[in-house]
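One chain, chain A, links the two complexes that follow: it is found with chain B in the first and with chain C in the second.
This part shows the complex of A and B:
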C-alpha cells in the first residue's frame, strides 16, 4: 500500500512540472470531437437525425459524440500513459532503481495505474462540466452509482490493456508504433465516434473491446437511452476477468525475459 | 552557381538521412500508411450513420456536392500536409537533440535554411507517398470520381498551400529549440487549424467568428479551391481571390516562420540550450 501511495505521489509531482499537459488533456478530447459536431450540422441541417436514432438509440448526435469524446480520455490514458509508464522511467534513468527495489514490479505498475485513472477521471469530470456549460449537454446524474460502477469496470478493462502495453514497451523500446496499433483498434472498433452497428466489421471486432459495453451503458445512463444493464455489466466483468490477469501476466513475463536477456535498462 | 549546387547537395543529404533513419524502423514506417485511414474512416462511418447513405441533400444545397465520402476525402487528403508541417518538421530538430547531433549539424558550413529545406523536402516526399497510396485505395474502394480537367490547377493550389504550410513547419521547428514541450503547441495548432479548416463541412457551418479566422489560414483556400476544381464545390470567394490570398500568405508565413526560427536559434545558442534535451 505504501509503495502504491509513493508511486502516486511521485507521478503527481512529475505531472505538476508540466502544467501545460494538464490543460492539453482536459481540452483536446473535446476539441477533437468538434469537427464531428460541425459535420453533423452540415449533413443534416439540424441537431438530430432519425436515421442516427434508429442505430444509436438517440437521434441527438451531439451528446452522443461528446460523451464518446469524454470517455475516450480513459482510452488515451490507458494506452499512452500506461504504455509509457515504464518507458518514462527509462528516459529518467530510474527504471533499474525502481525495479531493483524489494517490491514486486506489479505494485509499482498498480500505483501508476491508480494515479492515471484518478487523473483521467478528474479530466472527465472537468470535460463533462465544460460540455454542460458550453454545449448545453443535458445529463442525468441521479444514476451516479451505476455510472461509477460502469466506469470502474471500464477503467479496469482498459488498464488490463495498459499493463500489457507497459510490458511490451519494456521489450520493444521504441514502441510508438505498437501503442498506436492499440489506439487504432480501440478508436476504430468501439462506439466512440459512431455506432459500431453501422458496419459489420466494426460490429464484429467491437464485441471484445470493453469500451463498447461501457459506452453503451454510460450513454444509456447519462442520456436516458434504453440498454440492457445486466448484459453489458456481465460482459464487461467477463472481459475484465480475462484482460486484467492477461495484462499482468504479459507484464511479468516481459519483465522476467528482459532481466534474463539483460535488455531491461537498454534505451 | 557552385554555392547553389553545394546547398542543393546539402538539402538532398538531409533528405536522404531522414529516409535512412525512417526506414530503420520499418514497422513504424509501415504504420504511417495506415494512420490516415484510421482518422478518415470515422468521418465516413459517422456521416453514414447520420444519413443512412453516403449522400446528403443538405450538403448539396450548401456546396453542390452530395457525396459525403468525396467531400470529406478531398479535404482530409490535403490536411495530411498540415500534419507534416506541425509534426514532421518540428520533430526533426527534436530528434537531432535526442541523437545528440544537433550541434554537429548546426556547425556545418551551410545556412540554417538549407537544413530546414532538407527537412521540408523529406516531409513533402514522405507525405506525398502516403497521400498517393491513400488516394489510390479510397478512390478505388469507394468509387470516387473527380473532374480530371481540374487536376492541373488543383496541383498548383496544392503546391502553394504546402509551401505556405512550411512556413508554419519552420516556425514549429524553431520553437523546438527553445521549448522542450513543443509537442503540446504543435498538437494545439494542428487541432485548431483542423477545426477551423472546412475539411468535413463547408465554411458556412462555422460560427461567424471562426469563419473570419478561417480566411487567414492557407488550408481554407487550399481545401475550398481544390474541392472546387475536382468536385465542383460552390465557392463563396472568386478563384482568383483564392490564388491571390494564398500567394500573399505564402510570403507572410514563410517570412514569419523563418524569422521565429532564426530568433529561437540565436536564443538557443545564447542560452546554451541548443542541444539540451
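This part shows the complex of A and C:
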C-alpha cells in the first residue's frame, strides 16, 4: 500500500511540473468531439435524427458524441499514460533503480494506474462541466451509484489493457505507432463516436471490448436511455476477469524477457 | 569472515541478429563481508553487465550469484533487499522533484518503515551535506550534488551491500575526489559496507580497493590485492617518456626488454610507458631508435601502476581495449 501511495504522490508532483500536459488531456477529447458535432449537423441538417435514434437509442447526436468523447478519456489514459508509465522512467533515467528495488514491478505499475484513474476522473468531471456550460449537455446524475459502479468496471478492464500496453512499450521501445493503431482499433470497434450496430463487422467485434458495455450503460444512465443493467454489468465483470490477469501476465512476461535479453534500460 | 557475494561461473550472452557477444564469460569470485572490491577493465569488458546480473536487472544465462545469502535466480526480491545500487551519470533521479521527495519515494520503494523515513532522510542529507538544498528541485543541482543525492538514495534502506558502477564518471576533479574519499572512509571503513565497485579508472581502484579483479572481454584476467598484482610484474620499474613526433607501437617490437608497452597520445604528445628492469639501458636504446622521428621532452622512472599490470596481462592498454 505504501508503494502505491508513494507512486501516486510522486506522479502527482511530477505532473504539476508540466501544466501544458494537464490542459492537453482536458481539452483534446473535446477538440476532437466538436468537429464530429458539426459533421453530424451538416449531414442531417440538425442536431437530432430519428434514424440515428433507432440505432443509438437517442435521437440527440450531440450528447451521444460528447459522452463518448468524455468516457474515451479513460481509454486514452490506459493506452497512453499507463502504456508510457514505465517508459517514462527510462526517460527520467530511473527505470533501473525502481526495478532493482525489493518490490514486484506490478505494484509500481498499479500505483501509476490508480493515479491515472484519479487524474482521468478529474479530467472527466471538468469536461462534463464544460459540456454542460458550453454545449448545454443535459445529464442525470441522480443514479450516481450505478454510474460509479460501471466506471469502476470500465477502469478495471482498462487496467488490463494498460498493463499490457506498459509491457509492450518496454518491449518495442518506440511504441507510439503501435499504441496509435491500438487506440484507433478501440475507436473503430467500440461505440465511442458512433453506434457500432451500423455495421455487422464492427458490431461483432465490439462485443469483446469492455468500452462497448460501459458506454451503453453510462450513456443509458446519463442520458436516460433504456439498457439492460444486469447483462451489461455481468459481461463487463466477465471481460475484466479475463483481461486483468491477461494484462498482468503480459507485463510480467515482458519484464522477465527484457531482463533476459538485456534490453530493460535501452531506448 | 563470511562471503557477502559469491559469483559462480556466471555467463551472460547478448544475441543480436546473427551475432552474439559473450559479455560475461564464466566469471567466478567471492567478495568477503566488509570488503571493498574493485572490478576493473575498459568499457565493454563486462563489468556493468556483471553488476546488472548481481542486482537482478539481468538474468544470467548460466551460473548464478549469491548475494547476502540470496540466490539472484531463486530469490531476486531477497537480493534487492540486501543491496544498494549507485551508478554514474546524471540522470538517475527525478529532476522535477526535490531531494526530500526523491528520497521519500525510494524509501517507500525499499520498504523503510514509515516512522523511520524522516529520521533516515535527515541523517543522509546531513551526511551528504545537502541539508541546505533539501527542498530544491534536483534539476538545479550540479552533477556532483546529484551524485551525492544518488549515494543517499542507495543508502536509504541501509543495505549491507553496495554495488557501485563508475561512481565518478563525468564528475569534476573536486567532486570525484569527494566521492572517492566518501566511499573509502565513510562507506567502507566507518559503515563497514561490503562494496563492489566497477571503474575503468585504475588510479581510483588502486586508491580505494582491498582487492581488484581485472576484467577483459567478459573474463577475469587476474584477481588479487593491488600491491600483489603490481609485485607480480616481472619488471620492477616503469620508464615513461613524453615525446613529440610520429610514433607507433610497431616501431618498438624489436625491443626485447619491453615485455609490455603502453603508448598513448594526448594533446599532440606521445606518452610511452615501458616495463623494465633496466631503465638506463632501455633509455639509451630508445634515444637511438626515435632520434630521427621524435623529440623526447621528458623522462621519468616510476613504479608500476595497475594500468601497467593490465597492459602486461592483456597485451593492450585500456584505451586500445575500448577502441576494439
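What we mean here is this: the second predicted complex is superposed on the first by the 267 of 267 C-alpha atoms of A that agree within 3 Å, B and C clash if a C-alpha of one lies under 4 Å from a C-alpha of the other, contacts with A are read in each partner's own complex, and residues count from 1 in each chain.
One rule holds in what follows: a residue touches a chain if its C-beta (ideal position, glycine included) is under 8 Å from a C-beta of that chain, and two chains touch if they have at least 3 such contacts.
Only a predicted model underlies this, so the values are computations on that prediction, with no experimental measurement involved.
A.B. asks: Sticking to the clash and touch definitions up top, decide whether chain B and chain C on chain A clash or fit.
C.D. replies: Once both complexes are aligned on chain A, chain B and chain C fit side by side.
A.B. asks: Touch test for A:262: chain B only (first), chain C only (second), both, or neither?
C.D. replies: So A:262 only meets chain C here.
A.B. asks: Report for A:134: first if it touches chain B alone, second if chain C alone, otherwise both or neither.
C.D. replies: In the superposition, A:134 touches no partner, neither chain B nor chain C.
A.B. asks: Any idea whether chain B or chain C touches more of chain A?
C.D. replies: With both complexes superposed on chain A, more residues of chain A are touched by B.
A.B. asks: Touch check for A:92: first (chain B), second (chain C), both, or neither?
C.D. replies: After superposing on A, A:92 lies in contact with chain C but is clear of chain B.
A.B. asks: Output check: A:145 vs chain B and chain C. Expected answer is one of first, second, both, neither. What do you get?
C.D. replies: So A:145 meets neither chain B nor chain C here.
A.B. asks: Quick one: is A:102 in contact with chain B, with chain C, with both, or with neither? Answer first, second, both or neither.
C.D. replies: After superposition on chain A, A:102 lies in contact with chain C alone.
A.B. asks: Taking the superposed arrangement, what is the smallest distance in Å from a C-alpha atom of chain B to one of chain C?
C.D. replies: When the complexes share the chain A frame, the smallest chain B-chain C C-alpha distance is 13 Å.
A.B. asks: Flag every residue of chain C that touches chain A in the complex, lowest number first.
C.D. replies: The contact residues of chain C facing chain A are 12, 14, 23, 49, 52, 55-59, 77-78, 80-81, 83, 85, 87, 89-97, 101, 104-111, 114, 153.
A.B. asks: For the complex, give me every residue of chain A touching chain C.
C.D. replies: Result: residues 2-3, 5-7, 9-10, 13-14, 17, 92-94, 96-104, 108, 256, 259-262, 264-265 of chain A touch chain C.
A.B. asks: Enumerate the contact residues on chain B facing chain A in the complex.
C.D. replies: Where chain B meets chain A, its residues are 25, 27-28, 31, 34-35, 38, 41-43, 45-52, 56, 58-59, 61-62, 68, 72, 181, 184, 187-188, 191-192, 194-195, 199-202, 205-206.
A.B. asks: Considering the complex alone, what residue numbers of chain A touch chain B?
C.D. replies: 18, 20-21, 24, 28, 31-32, 34-36, 38-45, 49, 51-52, 54-56, 61, 65, 174, 176-178, 180-181, 184, 187-188, 192-195, 198-199, 202
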